[in-house]
Amino acid sequence: MGITFRLAWRNLWRHPRRTWLTISAMIFSNAVLVFMMSLQLGTYELMIGNTLQFLTGHMQVQAPGFKDDMKMRQVVNDIDALAETLRDQLKLEDITPRSSGFALLSSDSRSYGAQILGVDPEYERRVSIIPSLVKQGRFLDTREAPEIVIGEVLARNLKADLGDEVTLLGSGRDGSFAAAVATVVGIFHSGITDLDRGIAEVPIGFFDDVFYMQGAGHSVVLITPGFWMIEPYKVRVEELIEDDVVVHDWDALQPGLKQAIQADLSGAMIIYTVLVILVAFSVMNTQLMSVLERTHEFGVVMSLGVKPARLGWLVILETTLMGLGGLCLGAAAGGLITLWFSYNGFSFPGMDQMAAQFNLPQRFFPQVTLLSLCLGPTIVFIGSLLSSGYPALRLFWLRPVEAMRTV
Amino acid sequence: MNTAGIVMRLAWRNLWRNYRRTIIMLMAISIGAWAMIFMIAMLRGMVGDMIRDGINALPGVVQVHHPDYRDDPSVENLITMPSGEIESVFKEAQIQYFSPRVRVPAIVTSERASRGVTLVGVDPAKESLIQAVGSNIGEGRNLESVDDSGVVIGHRLANKLETSVGKRIVLMSQDRNNEVVDRGYRVIGLFTAKLPAQEEMFVFSGRTVVQKMLGIGDAVSEVAVSGPDYKLVEPLVQEVRQIFNGSEEVLSWQELDEYLSAMMGIIDGFVFVWIVVIFLALSFGLVNTLVMAIFERVREIGLMLALGMRPASILSQIIVESVFLLLIGLAIGNVLAYVTMLMLPAGIDISDLADGMELMGASDVLHPTINVKDIIIVNTFVLFLGVLASLSPAWKASRYEPVEAITKV
Amino acid sequence: MTAIRCINVCKTYHQGRDEIKALDHVDLAIDEGAFVCVSAPSGGGKTTLLNAIGGLDMPDSGEVWIGDTRIDQLNKGELAELRLRHIGFVFQAYNLIPVLTARENVEFVMEVRGVPSVERQKKSREILQEVGLEDLEGRRPAEMSGGQQQRVAVARAIVTDPSLVLADEPTANLDSKTSEGLMDLFAKLNKDHGTTFVISTHDRRVMAHARRLVKMLDGCIVEDIRQKGT
């Protein structure tokens, strides 16, 4: 090992400029990969977290088909009891029942359609951040009162203020006409136009009265203690619920989210692959050069009885040394760049609008994680090693006599 | 001095001296060029579809509203219907089409369920919204006239309402006096739309029928105007402004949908960053190849200098070699990209990711779009940057001292 | 009438702390049409002298004249022009551009000078015939023997009708028979074209061909012998 290693090291520095250029290619690609992956992974987490925190939660128990059709009569019976059972059995408090319907909301001067959610004020706070986003007035505080909390845009459109009464017109669980009057007690501002324009929340008991729910609801929303515990909890919930209801986790409830991430990832995969391939070619080129220019030398060594495999390993070892240099320096460079942005934030023109579309903040703060730091550079490293296979294998076809003739 | 011929010949032959190295480099350049063109085509395709669908969903690249309508899209904020006179003005201004429509929030109720929707009163003859959104009337028929009292709704909405063609639904909205008004309509047709959300959002009926229901005379919510090219929208805005010259708000689609117009900018920015990143990744290999090529030929370069060849000719010889390399690589890359496009003629079906693409505002079939402008940009950019990157090694080579170079072992 | 005149030319190299006087106050005048051999043992200063005369290298002090031009004061571009138009070079090895064929190598200087291709072809054919390589015009250097390569180099050196041909140890890599042939060629060209030849060597058999023999040692001219014609 000792002599081979020393040979490899010295060979690398025969052409310092070439070696550095090759390492620079690795450093550049690695830095780009580290930065992009940090940005991407961080963004996905934010996208998911920010989207789920409003209403979706980590999973929901619903009647089969409700997820897609959202029909009023696709109910979960005795929803309070189910929520209570789940809380007991799972030893988890962040579980709330919800009912949902559509109604025409009319103030004195305006009428707009909106989704009406019947919520349990006590538990809703634990599952959704909408209660904490009430900027005027207060959130609901009883299960029965004819009170309503609406989004900011809806309030503006309805020209409704705190204390005003709004009329709800819609159809109940059985399809019959449903109507009621509720007092606006709070106005929330989420920053998500669709929510601020289209969501109104009323106490679940009141909802039950208005829409003839008879103790039924539409979904039980759960938040697990951590994002990585969703799967085990889902399994538990599946054991606990009856056959007439199903549990959906967040990616079933928000299929767009996961797929947007997948679409973005597959685009990014092309970028990453191309970068890795380009580096691999760079390395292959360098190693081929270094093998070709040593043809004579290799011929001499082989005629002395050194096996081609040994020389092949020498080439691989040289690549490994170069690759490790690129790996460490590239990861360091990428890490530092990412770190800088993680303090100062990262944005680009047009990001406001894009951020709004995906529930993201106006500036990204990419986070350096072990995964984003190591994944890209490791792949580049492996790609480089593989690409030096061709020059290394060429040695097996080398004939000492011919090799020594070349200058 | 006329050295162009010999410089080219030397550059070309030198290129193939170490053909393995050249081929590796060519592969790298062509993959880089392919990746640039292909990715840009995909992006352009996605954003192009996005904008087309987005504009179709508006639609009308220019829209006229009451100044308060966008903030408060209610029956209160209407504009007076362009009269026959204005109609002729439109004709005179050679505006391809304009369509006045009533567009109000409403609640639709069937026997089984209620939904919040947007009720659109249209003149089917002029309307492009219904054509764009409901380009496929899957079942039943389309509206026939401005006073057709049937409604056309989306398949998904029909499904959620558990209604079907021939059945009645009730639409509730608000009239000018803030009274809730409702009216029964018969479903005459179901449409399918590219974006599922549109299938749930729009309910179309004859314009005068909706106007009568809302008691708004012949006032409308908006007038949509479209031109031949959505990219050339500014002159159209000016013309429409002149026609309306009143208090109405005339906006282009860029102003109406900030996300869409932001995406255009983001994509252009991304295209640029992408080209630069790929090029930089390539450039190390390119410079390396040239450095090596020069290193191997120090003696020859010295000889040529000793024989009286000018340093400038040595410089151009290296640059030309690099240009040959780049041109061949680019040509292969372009052809590869073109072939890739040919292999995906009908677009790439990514309907597995349909909901995600919808979240982005894009449809589930990608139509990669090769833009001549992008091709030119990619190729000139790579060529230009490539020559720039070759300058330093080439300059060094031309500065050799002939005596030292020629005696170098 | 004087083709080359060196006046008090000095050139010193530094190697670490050592000073090497490669040319030590060299005075030399060579007539037009002369056939001169510069001989010295290895390291004696032959290459340095020829490079100074050919404008490839600058002496530290002294004057170098080619005809009426004082070349040690010319800039690089002017020197390149001078080499291109008036001087032909034959080096010890690596004389030819590997990617060009024999004929293309011969035409190289003419092509750089912008000679039209018809004329180039005519001349290069003639010269290749003169050096006896008309059958090998399409071969690349790697496909020729050392002697053949040197002949191509000679052909290239004289094809533009330079007033002066400088050959630095042209026979060093050749066997004695080939060397003889090459020297005969030089002598013949000298006679037929009237071109001035300065040839450096440390081979006695080569020296025998020269009408004038300049012997150097450690950068100094130690002997200047005019021999009777061969």
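In this document, chain identifiers A, B and C correspond to the written order of the chains, with residue numbering beginning at 1 in each.
We adopt the following convention: a contact is a pair of C-beta atoms (placed from the backbone, for glycine too) under 8 Å apart; a residue touches a chain by one contact, two chains touch by 3 or more.
Bear in mind that the values here come from a model prediction, so they are computed numbers and not experimental data.
If you sketch which chains touch which, the chains link end to end in a single open path, with no loop closing it. Using mean Cα coordinates as chain centres, the one most removed from chain B is C. Averaged C-alpha coordinates put the centre of chain B at 68 Å from the centre of chain C. In this assembly, the C-alpha centroid of chain A lies 25 Å from the C-alpha centroid of chain B.
Chain A and chain C, compared by their mean Cα positions, are separated by 74 Å. Residue ranges of chain A in contact with chain B, taken from their complex: 15, 17-18, 21-22, 24-25, 28-29, 32, 69-73, 101-104, 106, 108-115, 156-157, 167, 169-171, 175, 198, 255-263, 267, 270-271, 274-275, 277-279, 281-282, 284-286, 288-289, 292-293, 348-354, 356-358. For chain B in complex with chain C, the touching residues are 1-3, 5-6, 9-10, 13-14, 17, 299-300, 303-311, 313, 402-403, 406. Residue ranges on chain C touching chain B, taken from their complex, read 51, 54, 56-57, 76-77, 80-85, 89, 91, 94-100, 104, 108-109, 111-114, 156.
Considering their complex, residues 18, 20-21, 24-25, 27-28, 31-32, 35, 38-39, 42, 71-74, 76, 105-107, 109-117, 159-160, 162, 172-174, 178, 180, 258-259, 261-263, 265-266, 269, 274, 277-278, 280-282, 284-285, 287-289, 291-292, 295-296, 350, 352-361 of chain B touch chain A.
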